[in-house]
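When the chains are written out, they are named A, B, C, D, E and F in that same order, and each has its own residue count from 1.
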Amino acid sequence: MLAALRTVIRRDLLLAMRNKSDAANTLLFFVIVSSLFPLGVGPEPALLRTIAPGVVWVAALLASMLALARLFAADYADGTLEQLALAPQPLAAFVAAKILAHWLVSGLPLVLIAPLLGLQFDLSGTALLTLMASLLIGTPVLSLLGAVGAALTLGLRASGVLVPLIVLPLTVPVLVFGAGAVEAASSGLGAQAHLSLLGAFLLISAALSPWAAAVGIRIALE
Amino acid sequence: MKPRHKKMALIAGGLAALGAAAALVLNAFQSNLVFFFSPSQVMANEAPRDRTFRIGGLVEAGSVKRRTDGLTVHFNVTDTAKTIPVVFSGILPDLFREGKGVVAQGKLGSDGVFHATQVLAKHDENYMPPEAAHAVAQAGKAQKTVIVK
Amino acid sequence: MNWFKYSSPATFYPLAGKMAPWFFAAAALSAVPGLYISFFVAPTDFQQGESYRIIFIHVPAAWMSMFIYVVMAFWAGVGLAFNTRLSSMMASALAPTGALMTFIALWTGSLWGKPTWGAWWVWDARLTSELILLFLYFGFMALQAAIDDPRRADKAGAVLALLGVVNVPIIYFSVQWWNTLHQGASVSLTRSPTMAATMLAGMLIMALAFWMYSIAASLLRVRSIILERERAADWVREWREAAR
Amino acid sequence: MLEARELEATRGSATLFRGIGFALRPGALLRVTGANGSGKTSLLRVLCGLAAPSAGEVRWNGTDVRALREDYWKQLAYVGHANALKDELTAAENLEIACALAGLDAAPARVQAAIARFGLAGRERLPVKLLSQGQRRRAALARLALSEALPLWILDEPFSALDADAVERVQSAAGEHLARGGMIVLTTHQEARIEARSATDINLGDGRTEARPSH
Amino acid sequence: MLAALRTVIRRDLLLAMRNKSDAANTLLFFVIVSSLFPLGVGPEPALLRTIAPGVVWVAALLASMLALARLFAADYADGTLEQLALAPQPLAAFVAAKILAHWLVSGLPLVLIAPLLGLQFDLSGTALLTLMASLLIGTPVLSLLGAVGAALTLGLRASGVLVPLIVLPLTVPVLVFGAGAVEAASSGLGAQAHLSLLGAFLLISAALSPWAAAVGIRIALE
Amino acid sequence: MLEARELEATRGSATLFRGIGFALRPGALLRVTGANGSGKTSLLRVLCGLAAPSAGEVRWNGTDVRALREDYWKQLAYVGHANALKDELTAAENLEIACALAGLDAAPARVQAAIARFGLAGRERLPVKLLSQGQRRRAALARLALSEALPLWILDEPFSALDADAVERVQSAAGEHLARGGMIVLTTHQEARIEARSATDINLGDGRTEARPSH
């Protein structure tokens, strides 16, 4: 079974390599959205510093949501998903492997570049560290929840907009505590409470999402 | 319509659209699309009320006064026609000088004083060695045009 | 001389190879006196002191960033209209250098902004439009990278590059149209420069160096693009064999 | 052994087929025929366990396949209407991955042989999206050359988009599979000339159903 | 020719009707994103009022970008676009018709619901009117520019993230002047200048985008 | 009259075909045959003017089709590998729209007749996404029944996924079109029995080309 999982991960990473732009684009989207806000909101630096954590987190949320919406779409359209469903391993395991690969390709880079964006917004050192930590714990949760949304909307024409719609409400707590952690850190309160909550979300969603997504896929295939 | 006429009509339509666009752009630039407002505009109530905006102009010579705390500064911003008093507490940019350009961001208080949250120096497009600047300043006393060799 | 002869990749490849070193040499030859003038000859500025010396990098980079975009869009447009492969390759080769120049302009600009204005970054029209230029370069490169078929990549990129040209005059005239924090032009075709002669000389020589460097770098890049695209063509095979 | 009992499938208000039953033993071929829309694909998806029948059941060695799940799928190779190929990968990479997932041995030499066997030699370096319609179908079917170990093959219109040469290759692969004791269920509108010890036809006609042995 | 265009518009509206969720989703996405910000940024009312125009406009931008990314994708995948390219009318005209239909389905609703969102943020009457006006002029520009991005990335796997990447830089001015209009209005300055600039963008993009998109489509079909 | 001169197409570094030439007169049929991947689809797309040949040109009544553009497309019905159907709409709605776009008369009665002619009667209320593979192909081809007025038909694998009955229907429609002076270019791996005054085959083989009249 592990071999099969490794194959899925390797395949998805290989596909990402073939299509290097994919990962790069999620990243660029993240950067661009975070830079849009100052434009819309206006250039007052104090104001910007206040909204920075929220903006960066919302941008991360949207970027990973976009990339996720089509997590299974290609596999569904070309029949690969049918084959996965007929493979001798549990579908949930494949789903977990796909999510992991996806996070490595499009979640991790966000975590790594976030400090740069934070610098732009003039955040302090601790705030930056906390931003990274919160994203490190939070973005996998986004990937996991996004996968469920992607599975439930498989094959629907409107999935591009449906996924955010289904998933955003679930990810609101992640956003609140993620951005909250940064704010707490930059106001010197310590972000530990926020981060442990995020950790709890991660554990729960890691335990449940793959199963939920697998069920969604089987329903879509019937 | 013959194809040729169709094409002409399309091109004419496109040109008309571009012309109208140009007219709109010109119209816009005659109005107030600005990074900062001049004191005259502020006095003429052209600047926003009750919210932050920027004023820009020259720091009036001799108007800069520091409070004893060393951080709070009072100065006047002028565009030679109108003048607005500004109060700011924080670190001023190195190029903040009397008689030089400045852009301040903040709110206009009911007392007519502009409470700045950020002060930026706006320099002009002149670059010259100090001696030349001195010479120019001397000459400028005689006549107002700036000449640079 | 038959110019069309050089519009074929096969003939342009060796020509570019021969020209690139000369442009690199020209870049070095102008950079040395340029840097010398900039840092040792040019006087201190009366208001900014020493920090103004960033001008010798900032302005050439900013000029090149806009100029390269226009040239890139021009070649891309030629490629789209006349289906000439080499001009499209030129466009693709220019983009990374253009993006680099834009990045340098942004970076040196914000380095310079801190000591002079008192802020790294403000959202005025000049700075914003220059940032958009960087994103346009990125968009162009990302689009081309995402398309496997080089002919399609050329054409799709050309459409995007041509649409983006409107941004260039906006960058240039932004300081006139809006009142920006960024200063107005010190050098213009219609007025005499408002800059001391040695400073101006240093800046112009540095601009020359940047220009030569951009040409040289693009020539090298176009060479590798030609090799990659034409790797199956007879002349490349022969050339490879000869090199072996 | 694959058995179907009293299978029925409905779509909306229409009953596609009803009372379908058969028993497929090692070495036997089952051909499902019928007009367009008579329910062939629907039947095959029921046999795979992807869809549930509205009545009846499918058994593998005596147990309902919806209960067996992974234990059944381990024995099964299914090629559907869709090719299940990744556009960005080459035919060989696609094959390798498909086999790894199905738990089959995918040594490079074997993969190469499978590709050659289905007439794709010379296209090894092309990503699948550049292949022609028929070449893609060949790449999808090449999986069969590596699936000797799987007893049951279920093939939905394997010959569509194939030229005569490729049809020949598929037929011979199927014949060999039957000869070594495999089982095959397939649908096709073309005539299939497959060597089989025992071959059964099920004709779904226009929704009315008849099952008759052809030998 | 007009008959053929009417057919395209009618067809796209019909498809939208069959798939009601599509339009509803763009709208809901718009609403959700605008409501996310208060969560990420924190609940201070004065702060919220300041950022309201920017947030609403950014949300509109993202919502229409998402819906647009796949404007031609379905027609491309099922071969309809090929048929349109081989139709006796200029492709640019079809493209214009498709954009119009798309705007009616997913742009116009944003314009109509925006005042409600603005109310939520406690904007004044003039500001609300200006918000509507700016969106009414601005969202068609977004649709037009987005269509170009969608055409240029047709059939690429990464198109979901490429479109925003290509199009956002071009739409930044729309965002700046759209949000600027509302701010100007709510600070009593009059939004006329901003709105005429938006109008100019609209005219220019209406004149150029359909052609550019048609060229993009033909390139993709080669 | 459709003429091709010295057509050549390349994909990547490979030349698919070279020196293809023919002249197709009213009432004539041109069959393009060849192995999978020999370039049939590529040739048809060149003939349509969708893709540019790397050498040579295609002329319609003496003018290059890449110059004629809309004036050529007005005369052309193309059915590709893809069905060009909207999943959400019914077959009738799809037909109506396709005809309106092509500038053809799509009166409801005519549409009904076309649907019946291609054996889809009884499925009028179903959105296309619920139809079977073959039924979808039928719906795509039903457009031909409304395209009598278009002199040139270009059909890429019209028979794929069709059952025998449907193949028969397409063949008779094609025969009628030729009889009234239309022209048809088609590719197929199956044998097509179409009544034609004059029929030419072009075999693309494995990239090598030969054109020979079959009557």
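The working rule: contacts are C-beta pairs under 8 Å (C-beta built on N, C-alpha and C of every residue); 3 or more make two chains touch, one makes a residue touch a chain.
A quick note: this is a predicted structure, and the numbers were derived from the prediction, not measured.
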A student comparing A-C to B-C should find more C-beta pairs in contact for B-C
Rotating subunit D onto its identical copy subunit F by a Cα superposition takes an angle, to the nearest 5 degrees, of 180
Dist(centroid_CA(subunit D), centroid_CA(subunit E)) in Å evaluates to 46
Between the Cα centroids of subunit B and subunit D the separation in whole angstrom comes to 75
Distance in whole angstrom between the CA centres of subunit E and subunit F is 37
Cα centroid separation, subunit C vs subunit F, in Å, comes to 49
Multi-partner residues in subunit F (2 or more other chains touched) are 12, 81, 87-88
Touching two or more other chains in subunit A are residues 19, 21, 25, 28, 32, 39, 42, 45, 74, 157
Multi-chain touching residues of subunit B, meaning two or more other chains, are 29, 33, 118
Residue set of subunit C touching subunit E in the complex reads 80, 128, 132, 135-136, 138-139, 142-143, 146-147, 151-152, 155-156, 159-160, 162-164, 166-167
Residue set of subunit C touching subunit A in the complex reads 119, 121-124, 128, 131, 135, 138, 142, 145-146
Given the complex, residues on subunit E that touch subunit C span 148, 152-153, 156-159, 162, 165-166, 168-170, 172, 176, 204, 208, 212, 215-216, 219-220, 222
Touching subunit F in the complex, subunit E uses residues 3-4, 7-8, 11, 14-15, 18-19, 74, 77-80, 82-90, 94, 221-222
Counting only contacts in the complex, subunit D reaches subunit F at residues 11-12, 34-38, 40-41, 81, 119, 123, 126, 130-135, 137-138, 157, 160-166, 189-190
